[in-house]
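First, the structure itself, so that you have it in front of you.
We just call them A, B and C in the order they show up, numbering each chain from 1.
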Amino acid sequence: MNLLMSKIESLLFVTGDEGLSAKQIENLTDATPWEVKDALTKLQEDYVNSKVRGIELKELAGTYQLISKKQNAETIQRLVDNPTTQPLSQASLEVLAIVAYKQPITRIEIEDLRGVKSERPLHTLSLKGLIQEVGRAEGTGRAILYGTTKEFLNVFALNDIHELPPLPETEVNDEEDQTDLFMTKFQETFSEQKV
Amino acid sequence: MNLLMSKIESLLFVTGDEGLSAKQIENLTDATPWEVKDALTKLQEDYVNSKVRGIELKELAGTYQLISKKQNAETIQRLVDNPTTQPLSQASLEVLAIVAYKQPITRIEIEDLRGVKSERPLHTLSLKGLIQEVGRAEGTGRAILYGTTKEFLNVFALNDIHELPPLPETEVNDEEDQTDLFMTKFQETFSEQKV
Amino acid sequence: MSYEVKLDAFEGPLDLLLHLIHRLEIDIYDIPMADLTIQYMEHIRAMQVLELNEASEYLVMAASLLAIKSKMLLPIHEGDFEDDELMIDMNDPREELVGRLIEYRKYKDAAEKLQQLEEQRTQFFTRAPSDLTDYQPTLQLAAFEEPLNVYDMIGAFQKMMRRKQLKAPLSTKIARQELSVKDQMKHVCSIIKSHGGSCSFYDLFPFEDKPTLVVTFLSLLELMKRQIIMVEQQQNFDELTVKLQNERWEEESLELIDE
């Protein structure tokens, strides 16, 4: 039971804001629906009863996810208000990377890539003048297409967008190419030489 | 103390893989450095000692972060779709080791050390964001100097570049031993011949 | 002597030499040059595949091995030692090679340790920062406080990719392939209805798997074309809202759709 609770905490921890359904937890832990139900209840009790814990369990539309404890909302607010600790800079950086490399790109495409909503970082980046609307996508939605600005080049000390290093997107072929062009000559040379 | 631990858990939970430095935690919780240190130690003890917990505390790339418990790696790996990160090749690992320990370092110096051309592994490592240009060498060539990145710390689970395991022997001693050995040998030969 | 040689297993001439030294149980500080050179040449000859740009490096090493070997064969004459210049020459000719080998071996060992660290790192996972939109003030202050370079951006991208690999199809293979646009149109309508006639665009895409996303999207387009639903956006960056146009849409009318 303890082990199951630990596994569930790990799983809910890494899945972040997406959470998992009871059914998914069952599959991932090979536990019965009963055991999972039980473990989830006990976990939540632990979280609520312990003064040390800063997280709790939330169920929303059949999906379980961990959230920060409501009592600590004030502390979290300070985190958000404090520009040097804003966890959003990572999000903005991610979005900026995507826009820089894949421009022109729509918000939906960005969100598809990141797996999370990205309105807020897009907004921030626009405000900072790092990205701009560069057109509209064809089709029904006529979604906004985003691209980087001159200011972006400035901030990253680039002359030109092509100066960006290539994206580590497609797995780099780490294997070295091989050729035996030299081999024949090479072997000849050495078989002649009596060592 | 309990409340502080709870706040820290909340903060570290929401900041995820960005984490927070001890200093930032102090500011956000109005606690003294000492209290924060203490709370962090107690949190980690709790995590490790409790069979129910699925998370741990780790100093990674300069910040405190919550991570999933190592014992649950197998369970979480069931979530892994297709590993996007291939392990590094031997050549890349060698070059990376040299850069890590001797940074800042030029390509020529690396190639001297390895005895083979190393453009390709350097390129691979740049693409993976593990090394970066950190400056230019003095002199005519103004060769690029390479160093490791924050991503490097992340990939190798280090908090700081100084956490790298020490090199087997230090160069200086090595050379001394070596010359000593040669000298002894030389002197032996020498005196034998004199006799 | 014959043995299997896999040359692509070596990272260059130094690596090959270290391998030989280890296999022949040679004292690295007192290398029998003749033996080592023979072995080295044997291996070079057995090479079937060699990298174009590394071939020369193996050759250069072969040449210097031969040079060292022949230097060591030079007869030593008594009396020569009085000559200072020759004294310098009398340094062990192997010295430089040994120094290089030892230095290289250090980093080869370090590379191995890195590999272990890399392996250990796969044993734990971090999580994405939470979506703190609810806490966010309307106007966001500076997003980047520190100077940034492109490598920060690549780093952010890599982090995302690491996270992304945890997106296995969780709703395991429940044969969703049979999902038709027609069925999905009905499903979409019922979702909107359950939300009271209008809902967020995202509420319609609760699943990660591609086929469902595509079919749901197609069904939305189809519903828009038939003016059964309407999609609205108040402002840039705002969420899309999907509204049921006609509260009294008929299930039967959908039945008539050709696939």
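The rule we apply is simple: a contact is a pair of C-beta atoms (placed from the backbone, for glycine too) under 8 Å apart; a residue touches a chain by one contact, two chains touch by 3 or more.
All values reported here derive from a predicted model rather than from experimental measurement.
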item: Maximum centroid distance from subunit B, chain identifier (CA atoms); value: A
item: Chain occupying the most central position, where position means C-alpha average; value: C
item: Chain centre separation in whole Å, for subunit B relative to subunit A (CA means); value: 22
item: Computed distance of Cα centres, subunit C from subunit A, in Å; value: 15
item: For subunit B, residues that touch 2 or more chains besides their own; value: 13-18, 66, 68-69, 76, 78-79, 84, 88, 91, 127-129
item: Where subunit C touches two or more other chains, by residue; value: 125-130, 132, 149, 151-152, 154, 157-159, 161, 163-164, 166-167, 170
item: Residue ranges of subunit A in contact with subunit B within the complex; value: 2-3, 5-16, 28-29, 43, 46, 51-55, 66, 68-69, 71-72, 75-76, 78-79, 82, 84-85, 87, 89-90, 165-168, 171-172, 174-176
item: Partner subunit B, residues of subunit C touching it in the complex; value: 11-15, 29-30, 53-54, 57, 61, 76, 78, 81, 90-92, 95, 98-100, 102-115, 117-130, 132, 149, 151-152, 154-155, 157-159, 161-170
item: Subunit A residues within the subunit C interface of the complex; value: 10, 13-17, 20-21, 24, 27, 67-68, 73, 76-77, 79-81, 83-84, 86-94, 96-98, 100-101, 107, 113-117, 119-125, 127-128, 140-141, 144, 155-158, 164-165, 167-169, 176-183, 186-187, 190-191, 193, 195
item: Contact set on subunit C toward subunit A in their complex; value: 8, 37-38, 41, 44-45, 47-52, 55, 59, 62, 66, 125-133, 135-137, 139-145, 148-154, 156-161, 163-164, 166-167, 170-172, 202, 208, 221, 224, 231, 236-239
